[in-house]
Amino acid sequence: MVTRIIHIVLSPLIALVVAVFLLGLSRIVIARIHRRYGPPIYQPIIDIIRLMNQQSISHGTLFELGVVLALAGSIVTVLFIPLGGTNAPPGSYPLAHGLLCPLSSSGGLLVVIYLMLFGPVSIALGAGASENPNASIGVSRKMLLALAYEVPFLLVILAIMSHYGTISIAEIVSRQQDSAWGVFSVPLSAVAAFLILPAMLGIRPFDLVGAPQEIASGPLAEYGGRYLALLTIQNGIQVFVVIALFVNLFLGGGVNVITFLLKVFAVFLAAELVSAVLPRVRIENALRFCWTWPTGLALAQMIITVVSR
Amino acid sequence: MVNPILLIAVPLGLGFIIPLLGLIWEKPTRYVPAAAMVFNLAASLLLLPKVLQRPWVVETAGLPPPFSIHLVAGPLGVGLSLLIALVGLLVAIYAIGYVREGPVAKYHSLYLFLLTGATGMVLTADLFNLFVFFEILCISSYALVAYHGDRAGTESSAKYLIQGAIGSSLVLIGIGFVYGLFGTLSMADIARNIDSVSPMKLFLPMAFLITGFGVEAAVLPLNAWLPDAHSSAPSSISAILSGIAIKAGLYAVARVLFTIYGADTIALLVLVIGILTLLVGEMSAFSQNNIKRLLAYSSIGQIGLIVFALGLASALGVQGALFLVVSHALAKSLLFLSVGYMIYRTGSMEISSLYGMGRRMPVSALCFTIGAFSLVGLPPFIGFPAKFTVIMAALERADPLFTALVGVVLVGTVVEGAYFFRIVQGLHFRPPPESATPARADQEEAPVSALVPICLLAALIVAVGVYPSVLTHYLGPAARDLLDKAAYIHHVLGP
Amino acid sequence: MSFLADYVHYIGCFALVLIGLYIVLVKTNLVKVIIGINLIDTGVNLFLVSVGYIRMGTAPIFSEDGAAGKQMVDPVPQALVLTAIVIGVSVVALGLSVAIRLYEHYGTLDLRKIRELKW
Amino acid sequence: MRKALSLVVLLVLALGLASALRGPSIGAEANRGELLDDQKVNFGRRYNSRAVEETGASNVVASVLVTYRGLDTLGEVTVLFVAALGLAVLLHTGRDRKSGKEAEAPSLIVFTGCRFVFPLILLFGAYIFVHGHLTPGGGFQGGAVVASGFLLIYLGCRGRQPDRQRLNAVESLSGVAFVVIGLIGLAVGGSFLLNFLPKGSPYALLSAGIIPVVYVFIGFKVGCELGGIVADLSGARR
Amino acid sequence: MLPTTILIVAFGSAGFVYLAGRVHARVRDTLAVLSSLVLVGLIGLGYGAWREVVYVPDFLGLELVLRLNLLAWFFAITVAAVVSLSTIFSLSYMRRKESANFHYSATLAVEGAMLGTVFAGDLLSFFIFWEIMSWSAYLLISCNRGRALEAGLKYIIMSLVGSCAMLIGLLAMYSGLGVLSIPLVAEGMQAASPGFVLLVLLTFGLGFGIKSAMVPLHTWLPDAHSEAASPFSAVLSGVLIKMGIYGFVLLMYVVVGLKLLLGVGAGWLTFRHILCWLGAITVVVPTFIAVLQSDAKRLLAWSSIGQIGYIILGLSFGTSLAFAGAIFHALNHALCKSLLFLAVGAVEHNTGGVRDLNDLGGLAKRMPVTFACALLAGLGLIGIPLTSGFVPKWLIYRSLIEDGYPFLALAALIGTWGAILYVYKLLHNIFLGQLPEKHREVRRAPLSMRIPILLLGLGILVFGVVPGIPLRAVQDIGHTFGLAQLKVTLWGLGSEAGALNMLNICLAVVIAFAAAFLLLRLGAKGRAVDQEDSYAAGSAVPVGRYHYTVDFYGPLSRMISPYLRDRADEFYYWLAARGREIADLTRKVYTGYAGTYVLYIVSFLAALIFLQLVWHIW
């Protein structure tokens, strides 16, 4: 029980720290590619603190509730995702052994899929509660983009689930640690997932939701101060969740938290490298892209999986 | 105990009295048909339990059958005469207020003769006598169709008359052949000897008889008069023509086929004719704009269904056919009667002019709806058990062919549903046409003399629909009466 | 030839019936059609009578000098014919009156033109 | 096209009729030989042999018409009645209209001749239906003769018309009388149209029970009806 | 006698309510609400008192039986609850509408018929009540007038086709087995030939498929549900189409039986597979058609079809998990969809009949309760955890994945994404964003509208957090059909791999929410400004004219709309047009020329003779 509570407290904290770190890392990486120096890696923390102290406007309960719910949803999602560790016998020391996943036995991947909706939907509702048309446009794009990457993503997930015959992430992870990683057993899926990773992370070339130059940051248009701070954190955690999921599904998770986090950094860096050199696409193109190559690859993998079973 | 001959004699006598009464005092003549039908209703009700045990063979002129004309009051005959009296009574009550113009006394007299003709047809056991009553029925309906003397009425009367005259000539030729072959006119007697003659000699009179009676029964190629006549007659007459007259023709055909000929071999032909009649009737009704013409086509469709059921030539099939006869008689007269005053109020038979009637004449519109639903075969109305029985009979064969045929029949039902539902919507939920003069609701509803029969019919439709067993107890014996040739011969002629 | 000789009465009456039918089928004037119907009736009546006919038979009426029942023709068709005639007359009378009314309404008796009720 | 089609159809009909008539013929001629076994009845032979003793009428047709097939006759009378009624209904509105041009009045000779012949015709008609049970003829035939008298009046004595109301009354009354006679039979002997009157001796005028009575009524009725029909048709002329 | 009493109360009150309406509107309203509540109470009382009652001893020689068992009770209580809430809702909605009398009366009649359908203990009574339900619903749809007329006509004609098919199946069964009582039929079916079973499945399947709006038999639903009066739309979408689902349950699990059902067909082409795939198509295609709609009720109608797809998918899959999911989802959909229709109805009522999504907006502040509950229902439709929609969908997915049907699962999951799109579109376009100027005067919904909406919302939440309550009933139902027992706990399912525990999720969400909230409180306080006080690019956004609604998912709809034509509907219309042409051709037979008519007669005679001459048919 104590282990559990520790886990419950620990995972979000890890997520939070890593998320903030990832955000900073991202800015540095991109700056370096642009041959700039870039901000310090703790710049996001400074930003968040500054924002927390700033006075902001609020459009009402739902406006605020959207932020809280989004963050809560992201935090909850973290609880369902193993952050390294193996399915060692219970009772051993939590960080070194044992899976760091407090709610591994509550619905598995299917719940995660649903919980990942929590954040975007909440932000959409909150943004909708303001009257800014830019926010609405942004939300509309967000919804469509989500649909765009969700199709290959679901295919990927289904292929993995049917490959391993389970819906539990912990189970999938341990199976990978026992045998080959997902990248090798379901390679096409892995490629597909990597292709849609920028879209899931909301980074270029798929940063059309925010698109500051076009629609004034879209859903975030009306948010400022502490709300924006929370949303920044939420964004970071969401990024972490997505990459953590990728790691869990394709790279065998981690035998402990450290290896796990290293893998997360690696994947994030790879995604950032791709994103840094590409321009922003329009939503139509995003839809078309996601529904051709990634979907095709994921579908192929799924057919192979089903046939080979 | 009432002698079944009174079912014919009393209305006939009263029918003769009406013109006489009309000379003296015209007002009470309108009540005479109702009175006669009350008598017939009571008498048939009294007779029914008795004849269920054993048919009552009535001789005339004091001679035993087959040497004089005789009547057979079996379950079928008395049951049908009960139906005739019931529908006749309700329509007669309706006509008390409805028929106001023209030679009213003559109308009532003719109406009574029409019913007498029908009653005579279902009771008689003599082929030529059947023809005579058939003629009474036909000629009085020719005249009644043209009662208003308007363009449409006269035209349809002329066409009806031409076709009817051809039909009755054909019947007469058939009768001539039969008499030539057997030297007898008693149906039981003919039936007894039917096997002693070669097929072609037998088939020809049958073809003539079927075609001739078929004209009145309105099976497929012989029913061209029906939409005209039923749509241009006064509504009360339309009701009785659709409700009773066609059934009488159908009865004649069935008698010839089943009782005289025992025709199982051409049952399939009958079946096919029935289905064709059904389809053509329903399809013709589908995009009709004239409400009465639509109802007339729907009658053709229903007749097709009845013929289909008869063509099954099984006990259950015939029982279903009889059930349909009852249900159609009640429902179609209800429809014609309820639509009668709507037409009277709007002065138009266009369906679009009846829109919004649900507000102006709520009771009539409600009853129309009940009748329409019953015809489509929706529970809890009488049409449902009827259609149910027919389809049950068809599927009883457990033959893929019959299942397919039932499918075709149900296509007809769907088409029927389509147009009836359209009308029901129009009645209740469409706005009335611009031209309609808004008036106070209580002025527009049909008078009590019309509402009473309408509501009674509706109540009957619902009551029998909920408790069909009140009817099925009688329909089973009636169906046997029609199908069981040997028993019929035995009853009439003795062992 | 013997067929002709034996069946000449039947041939005759059915010829009438068929001619009548042909008239009804082909002619467009209502009065002519009624005439056709009348012809059919006549043919049918003749047919009924010939059904009851016996070669060299006598009328079925007994007289005091007594004729044997065997040589008498069948009385039933005669009775039937009587009825049939009356019915035929009735139909024709009614038909003619309808024709009168129809002429009042349409100004013509051409059935091809009296076609307001169709479909 | 229509003609050709009609001819084809009629040809088929004729073929059918011919094939049905071939072989041992139908009708009384064929039945005269002992073709039918005893179990089968034959109305004609039965009536020819038994009618006189059963009904007392020497005219077998009359006895068939009034007793054996009395119900047919009642129906037949009704048919005629219905036709007359129907005629009246159909021509109801037309009759009120004055005819366009007055017909030319008949000459005196025709007028007088008609008036002279009219009662004779009526008398002849009456003779025919009164003697219906003895000689050829009967109610219908007599009635038709009577009606021809009315027709004569219409043709020859224009302007003089028999009273329609009275004609109607007679019609109805004789119809009712026919039914009542039938019902009396039912009441007396339990069978409709029973010949309940004494049969008398054959060949006498007052014989054969109800047959002459019924014939008289039929005669009146048919005469009035046909007369009425004639009147209606002539009145409706334009 | 309880089932009989319930039916008598339902149908009796239908009549009395109409009569009462002629006396006074208030009497009618009271009576209608009371009797619908009494029905809920009566059915509630009937829990556990399972029995069979013969109510008509002789109907065409058959016994008509009503029976109460858990399955029937489950559906009955759903029906009664939804109808009574809809009736309460109608109090304001139908006030001063001319068809109010008829509306209440027919609603009760429809309820009676639906209850009769679920209580029916033999197939004949089932059919009878089914038909009564069809036509009374038709009247009730048409009663909204205008475009509802065509919708009602379409509905009843398709229903009629379905019930005709059912009639064939029913009577084939009767002639084959000689009984119609459900247990006896089920017994008899076990010995029936495969062809016969297939006939029964197809004919009944057609009827149920039409009623439950399974693709490609769905085409009546979008029109009917969107054009009916909103309280009745709630009943239609909420429970009436569930009667088709009930029919499927009865057919597949009781009458035919699972064992037999799995054996129908060969290889991959089994009845069950085909139904599964139809279900999957029903999930995906209508969902995306819903995304394209701009009429609120039409959107909901299409969404209903999509959700029905899940139920059919689950039912036809036939494992105990999928079955539980399907039945649970039926309940969930009843709650969510009725709520949404009622909410849209409330909006319609308050804005004077507007339900075009492009004409609304920003109403959340004006109708907060309605919005909150609609949000809940929307989330329930998507299947967000902690709403009643999550557990059933989870069950269905899991069953599909674990049994190795990833493509079906994909269809189901994509359907969920489509659901997110349309739910958000609906909520955003009505309640969020800018408030158009013409709706400035909109006030909150009346109490009688808010109460049913609130109650339904409460239900969604309760069944979402404590899914064990309905789940236990559902799994008991499944158990009676011979499905494996599930490990149902109050909070979800317990099992080794992939268990579900809503308590965990619930606690996690609560904790996370608290944490996030705390985090928020840490920051500087926000200044509350008016909803309209917003800026873009440094200048104020003009008020009341910039609600982004039209073509909300423009790029997507341009991309997919060419593929999402309702071809089934077009096909039926084409069929109807051809039918009409044929009909019009047919009636040309009646040429009006008497000579032709006589020719018909003579030809008929000649044809008979010809047949005899040539073929000797006699």
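A, B, C, D and E label the chains in the order they appear, each numbered from 1.
One rule holds in what follows: a residue touches a chain if its C-beta (ideal position, glycine included) is under 8 Å from a C-beta of that chain, and two chains touch if they have at least 3 such contacts.
The structure presented is a predicted model; accordingly, all values stated were derived computationally and were not measured.
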| item | value |
| --- | --- |
| Distance-maximising chain from subunit E - centres being C-alpha averages | D |
| Identity of the chain that, by mean CA position, is farthest from subunit A | D |
| Selected pair, greater C-beta contact count between C-E and B-D | B-D |
| CA centroid of subunit A to CA centroid of subunit D, Å | 107 |
| Whole-Å gap separating subunit B and subunit C, where each centre is the average of the chain's CA atoms | 29 |
| Between subunit B and subunit A, distance of the C-alpha-averaged centres to the nearest whole Å | 78 |
| Geometric centre distance via CA averages, subunit E-subunit B, whole Å | 43 |
| Two or more partner chains touched - positions in subunit A | none |
| Subunit B residues counted as touching two or more neighbouring chains | 128, 132, 135, 139, 142-143, 146, 149, 154, 157-159, 162, 166, 177, 179-180, 183, 185, 200, 203-204, 207, 227, 284 |
| Of all residues in subunit E, the ones touching two or more other chains | 587, 590, 594-595, 598-599, 602-603, 605, 609, 612-613 |
| In contact (per the touch rule at the top): chain pairs | A-E, B-C, B-D, B-E, C-D, C-E, D-E |
| Subunit E - residues contacting subunit B, complex | 56, 58-61, 127-128, 131-132, 134-135, 138-139, 142-143, 145, 148-149, 152-153, 156-157, 160-161, 164-165, 167-168, 171-172, 174-176, 199, 579-580, 582-584, 586-587, 589-590, 594, 596-598, 600-605, 608-609, 611-613, 616-618 |
| Subunit C to subunit E touching residues, read off their complex | 21, 24-28, 33, 111-112, 114-119 |
| Residues on subunit D engaged by subunit C in the complex (per definition of touch) | 2-3, 6-7, 9-10, 13-14, 17, 21-22, 25-29, 32, 43-45, 47-49, 51-52, 58-61, 64-65, 69, 72-73, 75-76, 79-80, 82-84, 86-87, 90-91, 94, 135-136, 138, 140, 202-203, 222, 229, 232-233, 236-238 |
| Residue ranges of subunit A touching subunit E (in the complex, touch as defined) | 8, 12, 51-60, 62, 64, 67-69, 71-73, 75-76, 79, 102-103, 105-108, 110-111, 113-115, 117-118, 121, 124-125, 128-134, 136-137, 139-140, 143-144, 146-147, 150-151, 154-155, 158-159, 161-162, 165-168, 171, 216, 221-222, 225-227, 229-230, 233, 282-284, 287-288, 302, 305-306, 309 |
| Sites on subunit B touched by subunit D in the complex | 3, 5-6, 8-9, 12-13, 15-20, 23, 58-63, 66-69, 102-103, 106-107, 109-110, 113, 116, 120, 124, 126, 128-129, 132-133, 135-136, 139-140, 142-144, 146-147, 149, 154, 157, 177, 179-185, 189, 193, 196, 198, 200-201, 203-205, 207 |
